[in-house]
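Here it is, the structure in full.
Labels run A, B and C following the written order; every chain starts at residue 1.
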Amino acid sequence: MRFFEKILKIDRRWIFLIVGIVVIIPLIFPIGMPVLTTPPVRSLYNYVDKLQGTGKAVMLVTDFDPSTMPELLPMACAILRHCFAKKIPVYLYGGLYSAYVGMAEMALEKTLPDFPDLQYGKDYIFLGYVPGVSLVILGMGGSISGTFNTDYYGNKLDTLPLNKMVDNYKNIGIVIDLSGSASPETWVIYGYQRFGVRIGVGTTAVSAAQYYPMLQTGQFVGMLGGLKGAAEYEQLIKKAGIPTGRLEATIGMDAQSFVHIFLIFIIILGNIAFLITKKRKV
Amino acid sequence: MFMIIMFSLYPPFNVRASDKPNDGGGSILIKWDKVEDTLLAGYEIFILEEGMEDYEQYDYVPAIYNTYEAEGLKNNVNYRFKIRSLGKDGSYSDFSVPTEPVKCYPQFFKLNKLNTFFAIFIYLFILVYFTKKARGEHLFIRRIAGLDHLEEAVGRATEMGKPMLYVPGISTLSDIATLAALNILKPVAKKAAEYDTPLIVPNYDPMVNIVSQEVVKEAYTEAGRPDAFKRENVFFLCDSQFAYAAGVDGIMVREKPATNLLIGMFYAESLLLAETGNMTGAIQIAGTDAVAQLPFFVAACDYTIMGEELYAASAYLSREPKLVGSLKAQDLSKMILMGFIIIGSILMLGFNWDIIIKLFGTV
Amino acid sequence: MRRNLPLALAFILGFVMIFQYFIPHPLSQKFYDIFIQQWLIIISIFFYILSWRSFVLYHTNKIRRKKEGWWASIVAIVSFLFMALAGIITKKGYIFNQMYNYVYAPLQATMFSLLAFFVASAAFRAFRARNLEATLLLIAATIVMLGRVSVGSYIWKGLPDFVEWILEYPNMAAQRGIRIGVGLGMIATSLKIILGIERTYLGGGD
């Protein structure tokens, strides 16, 4: 009895310690649990895959900062790898706010070494940051070179072969917005509703639940939700024989699995303790 | 010769062009009947501007499309278009029959959003009607637990001789949740002034900081305690999400407020704030319309004001007839919408009538 | 005048913006671009100046009075000045990038990672079967937590699909309901502000 009372009053630092151990061990000793693909992820993957050979580009937007990097950076890397391997041109856009550009740079640094044949300006362009948020989205509907003028490295966009072929949403097959905040909705309002460009979304697990209505109405082509979404996309590109790098999201899923099991265990234990002590008092 | 005729591509038929409706001009929509041919790769679109001598190639679309929007054109200038099919082997068809001359021009009203326009004014009418009606009679509002316990929460802080912490969220003034948070801040500040309880308000956004300073100052003045207002207690902390969370957590741990009010727009930092406050033993009332954060507040706080209850707060706390009337207008509008949803679902599922869907459509 | 002028501005500009949304003419779009978007950026810079003053005053006050944790205020002011100067002088050069990549980014990630621990302690404390609603919450949370990780498919092959069903139907129904309510509330609050029924945001008394 006293055991259950102690359980109810347990110092939360013990819980923190066990969570820490449960997360670290699978990261050091990965198990490699299988990751099953869900329809929202497959839908996005298939849409991107079908752009191969059409001449249309993918615009990948890194609308996240370092806090959501563990969930969203693997998504960015997996999508870039998919596009680079299938020779789908890519506009990498560093996000609607200045703090996000570093994330796009990190994604490129992680993926480019596996694709040494890529030509900058022809296979991909890295757009930097321009203030304006919704104005930028609207501006790109008219002309990307008109909105940005130069790329992140200072090259005039007019001089880059890819931009000569694309330059606005007409030749962009999909805009994939990776974000932990509400910017996917901004892209739907100003991109999809105004110009008809299709939108895909990669978001944190917390935010994923609120985007299901937009997925169901077709405003989003597909969705990667949280670390699992990133892991699913990694598995899809792995199955397609594309170089995957370190599979960070898949490795992270082992840790997430064990943490979830631990959470369920302590919730059940807490409820047992609660019910027993409640009965006692009655 | 016959074989050549048999296997050559056909041009698209029925090519027609029209001004794109509901836009600011400069765009023409082109439609055509698809060419059903496995050899087809796509279509090349040619344009003839008024005053030009010959057609120029304008763009190319893959075979899956049979519509195209020509953009960046001059208003009130005649254009004609013609299209030819492009084969996968690089061969071309003849050109289609050119379209009739068509001009593009800007519209003055988005007719496809007429339903939205009327809905706003219908809602406005309902709002004004109930606002006037509320002056004459008492209108019922159900209990909102979080708001009922605000006074108790302030009293607790006074009894314990500890400050109160009010966090107005991490969004800007353009966010309605932030405005709602400022609406609640005033009566809370007034109570704090009356009870002589220190009130700490760390702000995320510079504009919100300025407004909240004025709101708190006025609240203290209205309570008859302008001398008790300390500007350094209502301050700008920083505008970085997790740095703000770290700063507020630090205030909670150092100042140990007896009451934490987390009201406004929150994102991922919500649980960091709520759980830290819980650890310090404060009574916590949270309120947000951020659906994704509600579970965290429900788990970590004593009372949670959910979604639209946040917008009802100013009416609930002040009981001002005009504000209560606006709540009733909101309720009636919601019931009207519910009615449309039910009727629309029955018509669609039972009779395949999409009339309600078309009524609310704006595309 | 002090009250009436802002109210009049809110009323006029509120209705102007409502009508602007429905007018696609280029003049309307230009009005929005110049007077709203660009003016907003310009005005917000002035607010930043006032808020930096507030930030510096708050921390210097703490340092002067040697309040608890006053040393952290020194760190705050020094960091603020250092990054501002690094960004202005070097124009996002080497030092700024290094500080972003090796200080700012890890700090942000660290704060976010605290959520993992806080979720565990909050879940342990809050997920109790106190009543019917709490029990339903507990069961749904357990199922979704299991189904969203690899282990779920080991327990039951259909669990991930069942979780997708929960997210696509009951979850979406609830989300839509809340969104409709929140949307109506936003419209009501906005109209109240435009009509001058809601005045608290002005800061002054009635």
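Things worth noting here:
Convention: contacts are C-beta pairs under 8 Å (C-beta built on N, C-alpha and C of every residue); 3 or more make two chains touch, one makes a residue touch a chain.
Since the model is a prediction, treat every value here as computed from it, not as a measurement.
The greatest centre-to-centre gap from chain B, using C-alpha centroids, is found for A.
By C-beta contact pairs, the most connected chain pair is B-C. The geometric centre of chain B is 13 Å away from that of chain C, both derived from CA atoms. We define each chain's centre as the mean of its Cα atoms; on that basis chain A and chain B are separated by 22 Å. The distance from the centre of chain A to the centre of chain C, each centre being the mean of the chain's C-alpha atoms, comes to 19 Å. Under the contact definition stated at the top, the residues of chain A that touch 2 or more other chains are 12, 65, 67-68, 209-210. Contact with two or more other chains is made by residues 107-108, 111-112, 119, 121, 123, 125, 127, 175, 179 of chain C. Those residues of chain B in touch with two or more other chains are numbered 240-242, 268, 291. For chain C in complex with chain A, the residues that touch the partner chain are 33, 37, 41, 97, 100-101, 104-109, 111-113, 116-117, 119-121, 123-125, 127-129, 138, 141-142, 145-146, 148-151, 153-154, 160, 164, 167-168, 171-172, 175-176, 179.
Those residues of chain A whose C-beta lies close enough to touch chain C in the complex are 10, 12, 15-16, 19-20, 23, 33-36, 38-39, 65-70, 102, 131-132, 134-135, 205, 208-210, 212-213, 216, 226, 228, 253-254, 256-257, 259-264, 266-267, 270-271, 274-275. On the chain B side of its complex with chain C, the touching residues are 22-25, 106-110, 113, 116-117, 120, 123-124, 127-128, 131, 173, 176, 179-180, 182-183, 185-186, 203, 206-207, 209-211, 214-215, 217-218, 221-222, 232, 235-238, 240-243, 245-246, 250, 254, 268-269, 271-272, 274-276, 278, 289, 291, 296, 298-300, 306-308, 310-312, 314, 322-323, 326-327, 329-330, 333-334, 337. On chain B, the positions that touch chain A within their shared complex are 59, 62, 69, 71-72, 240-242, 267-268, 279, 291-293, 363.
For chain A in complex with chain B, the residues that touch the partner chain are 12, 54-55, 65, 67-68, 99, 142, 168, 170, 180-181, 193, 204, 206-207, 209-210.
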